[in-house]
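In order of appearance the chains are A, B, C, D, E and F, and numbering begins at 1 in each one.
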Amino acid sequence: MEPLSNRRKQVEKKEMTFAERAYLPAIAQGLGITLKHFFKKKATVQYPEQTRERSDVWRGLHVLKRDDTGAERCTACGLCAVACPAEAITMTAGERKAGEEHLYREEKYAVTYEVNMLRCIFCGLCEEACPKAAIFLQDDKLAPARFERDEFIYGKDRLVEPLKTTETK
Amino acid sequence: MATENKTAALTELEQFRQDHGLALKEEQVLTTLNLGPTHPATHGIFQNILQMDGEKIMDAVPTIGYIHRAFEKIAERRPFYQITPLTDRMNYCSSPINNMGYHMTVEKLLGITIPKRAQYIRVIMMELARISDHLICNSILGVDSGAFTGFLYVMQEREHIYDIYEEVCGARLTTNMGRIGGMERDLSPKALHLIDEFLKRFPKVWAEFEKMMTRNRIFMDRTIDVGAISAERALNYGFTGPNLRAAGVDYDVRVMNPYSSYEDFEFEIPVGTKGDTYDRFLVRNAEVWESLKIIEQAYKNLPEGSYHADAPHYYLPPKQQVYTSMEALIYHFKIVMGEADIPVGEVYHSVEGGNGELGFYLISDGGRTPYRLHFRRPCFIYYQAYTEMIVGGQLADAILTLSSLNVIAGELDA
Amino acid sequence: MTSLFFFLASLTLLCALMVVISKNPVHSVLFLIITFFTISGHYILLNAQFLAAVNIIVYAGAIMVLFLFVIMFLNMGKESEQHVKTSTLSKIAGTLAGGLLFVVMIAALKDSKIAGYDPETYNSQIGMVESLGKVLFTEYLLPFELASVLFLVAMVGAVMLGKKEAGEQHF
Amino acid sequence: MSDSINDINLVDAPDGVSGAGFFATSFEKVIGLARKHSLWPLPFATSCCGIEYMATMGSNYDISRFGSERPSFSPRQADILMVMGTIAKKMGPVVKQVYEQMAEPRWVIAVGACASSGGIFDTYSVLQGIDRVVPVDVYVPGCPPRPEQILDGLMRVQDLAENESLRRRNSPEYQALLASYNIK
Amino acid sequence: MELTNENVLGKIISKFGEDNVRDAFNPDGIMTLTTNRETIIDLIQYLYDDEELQIRFLTTLCGIHFPHQKDKELCVMYQLHSLRHNFRIRLKVFFPIGDPVMPTLTNIYATSNWMERETFDFYGIIFTGHPNLTRILNIDEMEYHPMLKQYPLEDLTREDKIDTFFGR
Amino acid sequence: MESVDLLYKGIYILVIFGITLLIATYSTYFERKIAAFIQDRVGPNRAGPAGLLQPLADAGKLFFKEDFIPAKSNKALFVIGPGIAMLVATMSSAVIPFGDMLIVGGREIFLQAIEVNIGVLYVFGVVSLGVYGLMIGGWASNNKFSLLGAIRAASQNISYELAMGLSLIAVLMLTGSLSLREIAAQQAGFNWNIWYQPLGFVIFLVCAFAETNRTPFDLPESEAELIGGYHTEYGSMKLGMYLFAEYINIFVASAVMATLYFGAYNFPFMENLREAISDPVLANNVVTMVGVGVMFAKIFLFIFFFMWVRWTLPRFRYDQLMKLGWQILIPLAILNIILTGGGILLKEYLF
């Protein structure tokens, strides 16, 4: 067929030379390459003892952040659930009662907040959707493998970031 | 569970048989061999019911749909921005191309223009994706012909490509990279550094891989004249991409309908002659070099500027503004809830995917979701020709033809 | 030695019978292979180690593999061909032919003597390659050459039979 | 091998009574250890996760360190069925058949969201988790999981294999489990 | 000749008449025409054969469902491409859902075989003359054509989902 | 034969059998390690120090895996198949001289299990039977992939046996003996056959690859085409026996190549070593023991070569394999015979 553009380039396709027809030179060359690799430094990272470096923006396991004072940032606005293409996030909102100011930053908070880790595709849209910087996908944690399907519904007990300070109630 | 009506498929092939002296004699007893759905050579999953005369294939009836996931139906139920993760999973060997192809389609609908920097970043990512796609395909060809080692050599390089992806978007394979209106973040210094390193290291590895395979007579014998298809048949079957170029047609969307500033770059379109497996291998090899050239140019000439379009209605405002400014928060809510104003219209946009013209046909009725989103999936279209390509060959040929076609199950079945 | 001979001989006969009797052709071939082995055993008893080895290499190692090969191919499509009916007439004919052969054999062999062996003249190297080769290339040269011509003819015939017909593809 | 790592978890000697000159241990534990280190996978790779499995086999992660690098595409020879990728309803019976063809002891890992639960593809054509057709031992989340997570899943199966009784597969509980999936 | 939307449209209309080729518009640079069942195959054949146009590549083909358009519920869209002139054209055919029949294109383009099967699978459009019109992606036992707008997307057997927050 | 001799023989045979099995077992380990090293990986390293217990783990697992016989298979033959493969493989190492002779208490002990004056033919004959294991197993499985594998194995083995035999003939012409011990003894010092038979060696090497079904000739079990070929339906220890037989075959093939072409237990300057030690008995024993070490070193090199090639090359296609065997190797082997004959005549004529 005649060329459609001026950028056409025929790939090189020579006839086999006698040396190539005789198999052995090419085989020797291949053997040479593999032998070189035999003595090369190995690329393997010995997981689990060593871990490969992950980028800072890696989308790993979710965490629900607290603010500087230790109160939960989430206000149960539901944007993350809407943004989730896998429909993995469910939550129920509740009103903050008096005396709970140190627990929840805003007047509304998530009474339950569940992420189904088996449904989740770790696309990061929830993190992007959150207007309160509450949900993050951590770069240093991965969702672990487990034996039962029920164990993958992460409630607030496993999602909320543990308090940094030693004082607990 | 053969969904194909066998007799019908046979009549289709009758003419072909006559032409190639393959017409069955009446007394000939054929053996039926089920290639797939879990046969190792099918990689993804599709079934080929082969009728064999000894080792020779007399007929093949393909069955697909084993991972049909209803992409087009899902797309009708999700807001525009949530479709990006879907496109990831179509051709998962080169997800960024799919992502960005989709984004460009929507941008075409919305009428947004993207700053040069974002376009160049896209080009870099798409070419990296093309490299990783071709790299898998060509090394898998080695695996299927028994040379496993080359595969692992180049897979190490693919890890480096993944490192770059990871730095740019935070994931390795299903990237969800970029947003409607640009990229989600600028290239970090580390990402730039990784690209730079990749450009330095990869040519050596790829040259070594070529040295191992290209002129090895065993490999050449296995691939030359295997699974050949003429340019005319290939066009009739809707081939695009490297498989069409191997048959000698220099059709490349990047050149014919340049998008994302592809017109700025110098590169060539490698074409083959016979459209056989060896040609496909060579064309992909050459394309990897061309992609490297493009990345190098884009990396060297990366313009300054913003990494996303100035389109507050569609592109999420920066997080810091969302926390502080009311206007930004309202936009943020509108975009996330999918309430952004989407114009009515229909667009078709195609990009040069790893396997050919990846087209998106989008009809919008102004709602929060596409009214209809049809994907032109190159694999689905050219896999039809597989029967014609393998009949008359041997079992081993069929397997190499399959891997050289680079049929990606996710793209095939949608 | 004698007991070994009788053991081998009876095994040979038994397996030979089984070749004919067994219904599954693959089993027949396998029994035939065992028969060849026992015959090789006989050769060894006769101190003809070379013949024993060659018998195994050529018959058991190559020819019977081909037999098995062909039978496997033929068996591929059809479930079984065991239901072939034999007519009474052919059964009677078969019995008659077999009986007559038996009579002829007895008649031919009834006067033959078992060759005794004489420790004085016994040559332990008689079955070895060297003596075999010498005999073949001197005393029996003509039959040897004729046999080779026969093989050549057979080979040409095989090539002709296997040759491609026009328009037909073989691998 | 890189010399820098000398603290790899080698196999620990099984618990037993080690006294002067004799070492007794339960036979089951030895076999458990053997099985643990020789899990041959059947990579039932249908889509994206299969590509990550390639990375797991690759040099950087190297599944062979666990003795699992021999992929057995024949179910008779495989020990773990690694289902990686979306299983559509059309594919469901195939998965079940492959599982039925595997010889005991056998384990199943559902790698990735699609195989485990259907993931993002909550659609008419996709099986919502392979635990609807075959019993699953270990689920690996992620879409696709990183190779580290796949290795994690493999190590969970190793834990199972190590501690499993030789007779578990004959136990009524196990038979009941299989019966509930209508297998055999 | 440089192909432009106008002169191609002119050619087509002069050949097939205004009645058969309607509603030409140009939403995204690609000329879109509406035609009818009787004309479509001849039109595509004409575009294929015409030495000047050389529109010889079927880019894609898909069905669309518009449940609100009376008697025009179903649509099949063909998109063709002239590689020689880099010219694309889109053809649409509308027809009622009660009569979902279309002529097949497989005699011109081999590639339309599976595309038509897919369209049949998704929308139930019957392509007469197709060599093997069976479902291609879904299981044979499926009773409906899932891409029609009235059918749900979700797998109805799923239990672990709470719909409250998904905004739908 | 005296009973003491018989005892020594018995011990020797047991030792050789044990060594064969050990080498085969650890070949699996080395195969995995070598593959890993070639591919920039580290290979098995969790089972025992540096993964040394890996073969034992595999064996333990295979033994306790459910023993499965497919319902539609031919049950008796299905079981016999791997048995034949294993039996034949272990039989063939009997005539290989792993060393010269030891002198223990004035008694000469030859380090060879059986001395037959047709040793080469014995190995050849036994190896040619190996294919029955594959054929019977493949056929009995009642699986089309297995059957294809079996048929490929049969035709491949027959074809390459011819070229192998022809390349052997040249060696036999040179040595004038069929006894492996004799052939080994003739290559004393550095007078190895490889110097006279380079072409014959290459042909033999290629055929050895084909006979042991190793890449690039692993068509009977090629993963990508036939899944596992003849052993697709085999699980548990029956599969183990097939794999084992393959490795034993590699070991035997390496040993035969070392014996025929690379001087068996001979090594350069062995006479110098013998003379350096004054006590003749001790000298003989030291040389013999070094010779045994040298022999095994050669064998290991060949085994390494087998694996090295496997992880480098793609495999042939069926017809190409046949073409290579019939159209290239056999004519080359015949040419080699003619050249060798000419060479011998020339030598006789000149000297």
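Heads up, the rule we're going with is that a residue touches a chain if its C-beta (ideal position, glycine included) is under 8 Å from a C-beta of that chain, and two chains touch if they have at least 3 such contacts.
None of these values were measured; they are calculated from a predicted model.
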Partner chains that subunit A and subunit E have in common: B, D
Comparison of A-D and B-F by number of C-beta pairs in contact, larger one: A-D
Label of the chain whose CA centroid is most distant from the centroid of subunit B: C
Longest centre-to-centre distance from subunit A, chain (CA-based): C
Whole-Å separation of chain centres (CA-atom averages), subunit B against subunit C: 61
Chain centre separation in whole Å, for subunit F relative to subunit E (CA means): 64
Euclidean distance of C-alpha centroids - subunit A vs subunit F, Å: 50
Rounded Å distance between subunit B and subunit D, as computed from the means of their C-alpha atoms: 30
Shared-contact residues (touching 2 or more other chains) in subunit F: 35, 38-42, 144, 223, 227, 311-313, 318-319
In subunit D, residues with contacts to at least two other chains: 1-2, 8-9, 59-60, 62, 65, 71, 73, 90, 117-118, 120, 122-126, 143, 146
Contacts with two or more other chains, residues of subunit E listed in rising order: 83, 86, 137-139, 146, 153, 160-161, 167
Of all residues in subunit B, those that touch subunit E in their complex: 1, 3-5, 8-9, 11-12, 64-65, 68, 70, 72-74, 76-77, 108-109, 233, 235-238, 249, 251, 256-257, 337-338, 345-350, 357, 359, 361, 363, 372, 374, 376, 380-385, 413-414
Complex contacts: residues of subunit E adjacent to subunit D: 137-139, 146, 151-158, 160-161
Residues of subunit B defined as touching subunit D within the complex: 1, 37-40, 43-45, 65-70, 73-74, 85-86, 88-89, 92-93, 136, 152-153, 155-156, 158-159, 162, 172-174, 409-410, 413
Touch list for subunit B against partner subunit F, complex: 31-33, 39-41, 55, 142-149, 152-153, 156, 212-213, 216, 218-219, 221-222, 394-397, 399
Subunit B residues touching subunit A - in the complex, by the definition given at the top: 78, 81-86, 149, 153, 156, 163, 166-171, 174, 176, 184-185, 190, 208, 211-212, 215-218, 220, 231, 248-252, 255-256, 267-273, 278-279, 282-283, 285-286, 316, 319, 322-323, 329, 332-333, 336-338
